[in-house]
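Note that the chains are named A, B, C and D in the order they appear, and that numbering of residues resets to 1 at the start of each chain.
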Amino acid sequence: MLKIAVVGATGYTGKELVQILLRHPHARPYYVTSTSFAGQKLSAVYPQFRGLCDLTLEELDLKKVAACDFIFAALPHGTSVKLVPQLLQTGKKVIDLSGDFRLQDAKLYPKWYGYEHTAPELLEQSVYGLPEVNRREIANATLVANPGCYPTGTQLAILPLLAEGVVESNDIIIDAKSGVSGAGRTPKQAFHFPECTENFKAYKVTGHQHIPEIEQGLSRAAGHPVTLLFTPHLVPMIRGILSTIYVRLKPGTTETLISEIYQEYYKDEPFIRLLPPPELPETKNVSSTNFCDLAFSFDRRTGRLIIISAIDNLVKGAAGQAVQNMNIMMGRPETAGLQ
Amino acid sequence: MLKIAVVGATGYTGKELVQILLRHPHARPYYVTSTSFAGQKLSAVYPQFRGLCDLTLEELDLKKVAACDFIFAALPHGTSVKLVPQLLQTGKKVIDLSGDFRLQDAKLYPKWYGYEHTAPELLEQSVYGLPEVNRREIANATLVANPGCYPTGTQLAILPLLAEGVVESNDIIIDAKSGVSGAGRTPKQAFHFPECTENFKAYKVTGHQHIPEIEQGLSRAAGHPVTLLFTPHLVPMIRGILSTIYVRLKPGTTETLISEIYQEYYKDEPFIRLLPPPELPETKNVSSTNFCDLAFSFDRRTGRLIIISAIDNLVKGAAGQAVQNMNIMMGRPETAGLQ
Amino acid sequence: MLKIAVVGATGYTGKELVQILLRHPHARPYYVTSTSFAGQKLSAVYPQFRGLCDLTLEELDLKKVAACDFIFAALPHGTSVKLVPQLLQTGKKVIDLSGDFRLQDAKLYPKWYGYEHTAPELLEQSVYGLPEVNRREIANATLVANPGCYPTGTQLAILPLLAEGVVESNDIIIDAKSGVSGAGRTPKQAFHFPECTENFKAYKVTGHQHIPEIEQGLSRAAGHPVTLLFTPHLVPMIRGILSTIYVRLKPGTTETLISEIYQEYYKDEPFIRLLPPPELPETKNVSSTNFCDLAFSFDRRTGRLIIISAIDNLVKGAAGQAVQNMNIMMGRPETAGLQ
Amino acid sequence: MLKIAVVGATGYTGKELVQILLRHPHARPYYVTSTSFAGQKLSAVYPQFRGLCDLTLEELDLKKVAACDFIFAALPHGTSVKLVPQLLQTGKKVIDLSGDFRLQDAKLYPKWYGYEHTAPELLEQSVYGLPEVNRREIANATLVANPGCYPTGTQLAILPLLAEGVVESNDIIIDAKSGVSGAGRTPKQAFHFPECTENFKAYKVTGHQHIPEIEQGLSRAAGHPVTLLFTPHLVPMIRGILSTIYVRLKPGTTETLISEIYQEYYKDEPFIRLLPPPELPETKNVSSTNFCDLAFSFDRRTGRLIIISAIDNLVKGAAGQAVQNMNIMMGRPETAGLQ
């Protein structure tokens, strides 16, 4: 059994990690840290763990981290960038679930994340943890940057088509909708129940920090720079992201070809489900799973293809994908603990 | 006080109509019909009306309709087309809240509504009841086709820009999200609470019946045919529609110009609220009101304009707009009963 | 038109007050204060007021309060007790919506509210604002203590039976369930959307500060001390309180008698709706109204009577009842602005 | 691996059974039946099963049932009573999840379930499947009647105190609150999303069919007949039951004694969690688990004890407890597949 450190175990991502690891056949949560709740049982913060996990939250101690076999950093962006270099000095492999090591170009951080990157040398070393794309690099990585929730659902939807060059790469619109857990565990006015239920809205229009991450992944797939429009929305539900994506097909591309491309690209993927028409993804069908459900529809009238993807933002969009990456990095079956 | 007939008073639209009319200074619900609940008090079907409305639901009787001063038909599409010709024979003005008299081209009905139109002569006569566009025609109309919920929020968002010719009319994408009351009052699997809460999905992708209605309105504004892409989604909330609309600006169009166009177009409109940046529409801010909130944002990176509109689907998207139209048709202050 | 001061206009109660006053035929919000948001438009804090209310929030200035015709204090308990004495010095009538002037016995405050009462002389002067009980005293009062949300729904349910002496006064159990707006507008962990939706729980078991208020009212009605058990619960919805109340009938009391007592007691009350069996109160039927819906059921098997009441916690449980009291105090029709 | 038949696999209980069995180390769903959906894949009815369960729903065929190792009947009450006798003829052990074999007295069925029991001889044979009480009988049973959702949460809360004789057995009030999945999968007006969300109500006051089941269990524990009052309520959430229970302590019973009784009674129980004061059960903490969380509070003022229990109505209240029973009946570890 791998002894796992979860650095930052009380945010929603950290909690989901612990929950998945408790069911994992080859790993178990062993050391959990928290700045705010150090000294308390994890089950005091999340009573659902009572009787299932008896760990006590501790202040971060690198010696104790070093005694573990594998490290997850589930910290806010801006914090990870400072701590991950220290975590790596333990010599153990690290998966960082923040955005701090996802962008290869350090110059993007001031604009999109609001800070100067202090460990740019790690950006080259870090591997982007989307197994459907980077499985081999992940297997050999020491530091994996686990993808963001929106970037996971959207890249999985568009990547195959860009890789095959069948869609216009300069005309991509992503209209994404997320449950509220995506905003984290800290109470804020906008997420106060009476403000948030029975309400729907867009936010961070044109300025969400996941934009450069999606563009980076799609550009790599396309082989040339991709610029896209991304609009996130807040849905009054706990979990789930549905992304509705509008792309333009290149002349001569048929629906049959699109279908074949997806089937070929994802034929061996354990967590991608291509829905047969006329089925459409719904967030509840992937809730608390590591699946990404995909479907597409061609609008003859406008010549556009609509691609829809659904994931659970906390699982395939965070903790589940992180465990999938850990499985790959540690030579375990990729689906272990995830089904 | 105008005596009002509500034909079909037990659907959500009919109920909302009665509710608004109960507060109206110049009108009152007088005759309410229902096929399924005839013989029962309206307050037995909707107990919130107890003590507020003592009307008994009746089977439709044209003589009794004729004794009223004004008629609302709040019936399912396919039913209105058969009954409205009879209602008009009373000589009273009629507002139809279904889709049956909204499309001028009868040939569109088989494709989009699934039936052959049996009163095509009324399509010419009927006036499309979007007061911000057609106020004068509405004032003189005998039959007003009250706009659909999605078409109201989306046309109000795009019309001014098409009318001024500052956006490309062949590249419009509407990603719309509606509360569940838009699906009506009849229980169905998809709207069963445990299926519907904690879930988000798209539906009727590329095939929603509101598409030709929106295109008709926008084409009229543009002066030439407009074809667009429209994707509706279901939000786990009761009321509200948020539409996120993606258009491409014509070369040379500035944000300032866009802002001026909206302000000029809507400067005297009592129910349009243009939000100052960086505010964005949220459905709760228009809930149970007749307002349409509008904002836009220009994405420099992709050259697209994002327009966001929010309405209450049952008020500005149905019953409220119908009362607004009634006020216009009957020479009452346009905002009477709506503030 | 009465010029109204709302001291503390940005909590949910203050907001609801403004909303009701905007529709009031004889009053209008004129002066609104806020410590946290002074200098901002009320419509900046609550965008639904855009176009409806142009008032700017101000720091409390007693001279400006004095220029109004009537004062509502919608402040947290512990704050009202300090400010209301100053508000009364303006010579204007005051309704306080906190718990600070509801209990006649100052000695109860340390135990139930956690502070020493600093204006005990006002406790004698203040009138408890439950119009169905105290209408005359309210009419002549200078200071009215507006009842709490739970106390309103529960007292209205039990009072008539205790006043007639047909139930045992030492065996009353109240199991109450409230929407989340009852917890106020300040974001807290327990009311963070992902914690609060899809969850149900009891809170403050045996220790809620509304217990002595309910007992005081019932004791007055019974003519002797009443002690009861009260358990509040949190429902994942915005508005509404349903109270399920268990009492034991005195020997010889029939269901018919119970029914007659309620009908006699409430026969002229505009805001009490007695539901005919087998109808039962539901919170949605009173949502955004000043109604209290009541029904009862006798359990032959155990000899207990179950009484169920439903109110909107922000309307009849707070702002609506406050306006009802204002109408009484200022000689306006009691239902003005409330239907 | 035990081959499992789930007769009636498309209701919420049947679906939950399949979901649990898919993760079970010693069993797997093998044969699934449905009258309404025969011929379709289970994953067509519940798309979350796509990629996880490839079974096709079939019409009930007793030969195919007989080829399985174990049978669950997850049918509506009134249907089970007709089919279970046939299922038993296969010679395999059966767990029935309906109410049809829970009451030992056949004469109670007409009053509480509305039908004459047609297999009264099986009532004697059937064992009531509450493992915390009947573990040994369950181990030897051929037919187990799986407890109802409300009866599970409430009996577990009260049983130890009645068994020890420390509470008055003629003064028990249960105020229970359930999520909407308890009402089943068939769409009905009351459970239509717009009617059901933002609403709270009681239902079946004094007449719920679970009353005799709870009384039967408690009477057995007490050693004499127990009559109680039970009021169920509907909470706008999918899963979970919280029961707030009011009992009167016998003279001389201390809180310490109560605490000791619970700890002794449940000391070896894997699925009972006694919460240390001041923690209180919340439905989210047991969501999708087989736990029953319990806490109590003594109200000195009224001399009553308040006991609160929380379960997931579909797991410990139905499918999870059924699997727990299967484990016992088939000699597997009791917690297999449930943690």
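Criterion: a contact is a pair of C-beta atoms (placed from the backbone, for glycine too) under 8 Å apart; a residue touches a chain by one contact, two chains touch by 3 or more.
A quick note: this is a predicted structure, and the numbers were derived from the prediction, not measured.
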Labels of chains that are neighbours to chain B and to chain C: A, D
Contact-richer chain pair (by C-beta pairs counted) among B-D and A-B: A-B
For chain A paired with chain D, centre-to-centre distance based on mean C-alpha positions, whole Å: 37
Where chain B and chain D are represented by their mean Cα positions, the distance between them in whole Å: 46
Centroid spacing, where centroids are CA-atom means, of chain A and chain B in whole angstrom: 39
Where chain A touches two or more other chains, by residue: 179, 197-198, 236-238, 282, 284, 287
Chain C-touching residues of chain B, taken from the complex the two chains share: 47-48, 50-52, 197-198, 273, 275, 279, 282, 284-289, 291, 293, 339
Complex contacts: residues of chain A adjacent to chain B: 173, 175, 177, 179, 195, 197-203, 205-206, 227-229, 231, 233, 235-240, 242, 244, 246, 280-284, 287, 297-302, 304, 306, 308, 310
Residues of chain B touching chain D in the complex: 12, 179-181, 185-189, 191-194, 196-198, 236-238
